[in-house]
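Just below sit the structures, each encoded as structure tokens.
Consider the two complexes below, in which chain A is the common component and chain B and chain C are the respective partners.
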Partner chain A sequence: MVIVRRKELSLRERLYLPEIARGLSITFRKLFEKPITRQYPEEPLPKNEVTRGQPRLVVKDDGNIACVSCGMCEIACPAYAITIDGGETDRPIEREPKKFEIDMLRCILCGFCEEACPKDAIFMSDELELADYSRAALIYDLEKLKRPKSALQKRIDYVYRLNNRWRKSSSTS
Partner chain B sequence: MSPELLEIVVWIVKVHVIFLGMVGVAAITTLAERKVSAWMQYRHGPTRVGPQGLLQPLADGVKFIFKESLVPDGANKWMFRFAPALAAGPAMLTVAVIPFGPDVTLFGVTTPFSIVDLDIGLMYILAIGGLSVYGVIVGGWASNSKYSLLGGLRASAQMVSYELSMILAILSVVAISGSLDLREVVMQQKTLGEWNILYQPVAFLLFLIAAFAETNRHPFDFAECEPELVSGFHTEYSAMRFALFALGEYCAMVVMSSVAVALWFGGFSVPFMPEAHWTLGILAFCAKVTCFLFFFLWVRWTLPRFRFDQLMNLGWKVMLPIALVHLFITGAVISFAPQLKSLWNGLVNGAS
Partner chain C sequence: MTKITVNGREIDADPKKPLIAACHENGIDVPMYCYHPGLRPVGSCRICQVEVKQGDAPARVVASCRTPVAEGMVVNTDSPKAHDVRRECLEFLLKNHPLDCPICDKAGECDLQDYSFAEGQTKGRTHEPRRKLEKRKSLGDVIVLDEERCILCSRCVRFFEDVTKKPQLTVADLGSRSVISTFLDKPLKGNYQGNIADICPVGALTLTRFRFQARVWNLSKHLSTCAECSRGCSVTAEVLRGGDTKRFRPRFNPKVNQWWMCDTGRFAFSHVNAADRAVALRRTAEGLEACDLDAALSAAANTLRGKSNVAVVLSPFSTNEEAAAAKALAARLGAKTCFVSPAPNALKDDFLHTGDPCPNRRGLTDLGFAGLAAADVAGALAGAGAVVLAGERVVELLGAERVAALTGTRAVLFDTHCVDAPALDACIGVPVHVEKDGHWTNVEGRAGRLTIARSAPRGVRALDLNLKRLSELVSPAGAKA
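Right after this comes the complex of A and B.
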């Protein structure tokens, strides 16, 4: 059993007023300190390549996407957010998606599509904001998903670094 | 224009300037409250409406006007509708006797800058200001809600206990200045050495504490104690009726600050400039009142709320005896040793 005895207040403390003055001085000093609130839409969140934002398709330097519509990401996706309709193309890779849709309302930003992709075509971007006036507008098609490679370069490098480390550690064990 | 007509016109202009100025200040104080609280807690406060959020009171006002004003089913409808006016009215009425500035000369007309100069101004303020608690009680009673009723009851108990100490504290000042006319009291404090705060600091402290209780401000805002009473007497109020309660509270703050300034801090007298122009006088008064308003906000965001029994203890067992003894000593000194005042006066003015 613990007996907690109340601390006897000194005369100074029982008078209230000196302690009130002390409290007031503290709050007055805080008045001039810089606010720590982030003014969100104007001051965006700090992002880095580790952030898993919404998946985007890489547009290579020649203007084409790397996707060959193999459907690996479609299968990997635990939320069934990806729908791919493949078709033929005259380019040497012979196949490309005619339709590539990600339902952003279903996407859980897990990054499995990025891991599954054998052609380094899909990567998680740092885009996190998602708002629109209808559900249909939030099903992103090819045009909305395309991003230039330069915009995703940091993430691509990071994924390569991560994969290399994983390979090394698995080979030694 | 005949002199009578001119007097009426001047009077109407004064009423409008002072009353609208008052409501404007009350509105700005609501913004100041949010800003000061924010800065003390490392936040920004309202920033969206207008530059730095300066138009926030306007947006609030528009919102209050357009919201639905609900009347609860079990409420006493007419009392419920009447209570906000009863709370805000007295606070606005008391503005009438406050001397905001010295004699103003504009367009060749000279007039004292207050709506009326009652020779019993202080009595008027205490009498009318005391009425504002009825708004709270009636509002709490008519809402037919247990929270509101408790809030109203607490408000009445609190007002009764603190009004006494407040009147006694004011009486001490009245005793040394010999007048109930606020303008007269201010006129007696022309220079810094004559400010009553130097002669009656204890009375000022008592008045200050009582003023917090009278205006229902922290740390004595038991009538609207959020954690226990869910905003107390105005739990059931919405829209403009709710806003009127808030307006009444802020107007009461301005009046209390003005009374404190007039009684203890030389009112519209400018320090070191006894013969200053009237514009400076009004500015000095506004600056002093602003300091007090800031103090109200500052205390609110520093101190936690008292416990209700502590409030009653403080009111009856500490403040009232001190106020009584203080008034007694003041009276004794004035009657039997009036030379003490001139001695103290010499000391103060020699030092400053």
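Right after this comes the complex of A and C.
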């Protein structure tokens, strides 16, 4: 147990007015300084590649989606947010998702999908805001999830840097 | 029986079977690709090699699928030498096998994937490029061959040679150019092509209708019985996320179908996956209207109560349990009973398909139901006071127009889908055969089990329960009608 004794006030402090003046001087000085409050919705938060936002699907430079609907993220997802139905394509990579849904209300932004993906097709973007008028609108489908690779490049580079200890080269063709 | 020692354990082995079968029957795991218990062993993949010591000779590593068991054999499946040899074989098998498991349809049920994972081969030592071959070679309507994935185990070749006895496939070309091919590149024929996709140990042979449809670990597997003929092959119904049945696969049953089934049964899911299922409807002034189950059942009871000359018509897909409930109902009503018996189809062959599209003909006949052709049933119904049509697809088999044309009688229907018939007073939904528990008796008198692979639509109750409830409503227990 610690006994905190009340501090004995000095004469100057007991006079009251000098301390008021000192306090007000700080207040007025701060008035002319740059404010530290951020006007959040208008002024977005600073983001960098470490920001683990909502997962997004990579669209490769040739315009095709990188996902092959292997189902690894679906299995890895601890919140059961992902549902994938695959289908056949005519491209050399024979498989692509016909339906890819992420229930953003279930998603906990843990990044397991990004970690599980063997094809570098899903990455955590820097998009964080999530609001809508209905639950159904927050189940994102393929069109809402697709992002060009360039938009996710910073995160992709970061993940590669992070995983470089055990992964040497890209598996995305 | 021959006594051998495997991994220090003494086991009794069947001298007619190879060593690998003795190991598997005693729960000792030996990997295999080319060996299949239903096919002649050839020893082409060499992955089943184990160390065998016989007498005073030094221990040798042999392919266990081609080695007959011999008295006093001492086998070690786990010795470092056996593992080394198997790992080297695996390296050769993986030399040309593409490592694109995320794309491959077999992933999750692939022997090659499992064993590569178990052996932990993460790197190959080869520097040569992999073989570039055809990725989508169509072998007819049922099968697509991916030549790059093929490890040339020749199970598919032997299936047509040993099981259907009509050879259709062969290993064409020599050495590193070997590929599986049909004779003269003709498409595959016959009703048993789908089996080669099942026995393919890798993802080389895939079913056109299942290809890339679902990941196998998302399918819940439930034992069931094939509905397509009276053979009643034991199958596994595989359901994707509690919704559509994605495939039927044969389930080993030594007495009925062994490891095989026909393509007709394999792809018979268009009916079980049909949408817009009826739940409960009853006739009001405006016509048939949806209502709750109890209301529909009491409407049905009102139709039947006090009527004489009632007929109870079952679908050939009714289980023995449903037929027993229908029989009890018929006894209360003093009704005639029969089941709709479609004509034999041309699919009959000398292997599995019996050509008789009634999976439970034997069971229904044993319970005293007579099988009548649709036209004869319609004739019998014409003069009836009231009619109970019960079982999945009963309207389809009877002909919707025949049901719609019923006059001078009132009808109660238990089916998956309703039909617009003026005679209909109530229509109550029934589960399809992958949604119910029960038994079918096959042509040889063997019971085939059905289990609930997925739940029926909300509000649909088992037909036997509904029939029991209906007989209670028609004449309360104790009172004879």
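Operating definition for what follows: the second predicted complex is superposed on the first by the 153 of 173 C-alpha atoms of A that agree within 3 Å, B and C clash if a C-alpha of one lies under 4 Å from a C-alpha of the other, contacts with A are read in each partner's own complex, and residues count from 1 in each chain.
FYI, contacts are C-beta pairs under 8 Å (C-beta built on N, C-alpha and C of every residue); 3 or more make two chains touch, one makes a residue touch a chain.
What you see is a predicted model, and the numbers here were worked out from it, not measured in a lab.
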item	value
Which of chain B and chain C A:Leu105 touches, first, second, both or neither	neither
Partner chain in contact with A:Glu33 - chain B first, chain C second, else both or neither	first
First (chain B), second (chain C), both or neither touched by A:Leu9	neither
Touching partner for A:Leu130 - first (chain B), second (chain C), both, neither	neither
First, second, both or neither for A:Leu162, with chain B first and chain C second	neither
First (chain B), second (chain C), both or neither touched by A:Gly23	first
Chain A contact footprint on chain C (complex, rising order)	101-103, 107, 135-136, 211-215, 217-218, 241
Contact footprint of chain B on chain A as seen in their complex	17, 20, 23-24, 26-28, 30-37, 39
Interface residues, chain A side, partner chain C - complex	68-72, 74-75, 83-88, 92-95, 118-119
Residues of chain B defined as touching chain A within the complex	36, 38-44, 47, 205, 298-299, 301-303
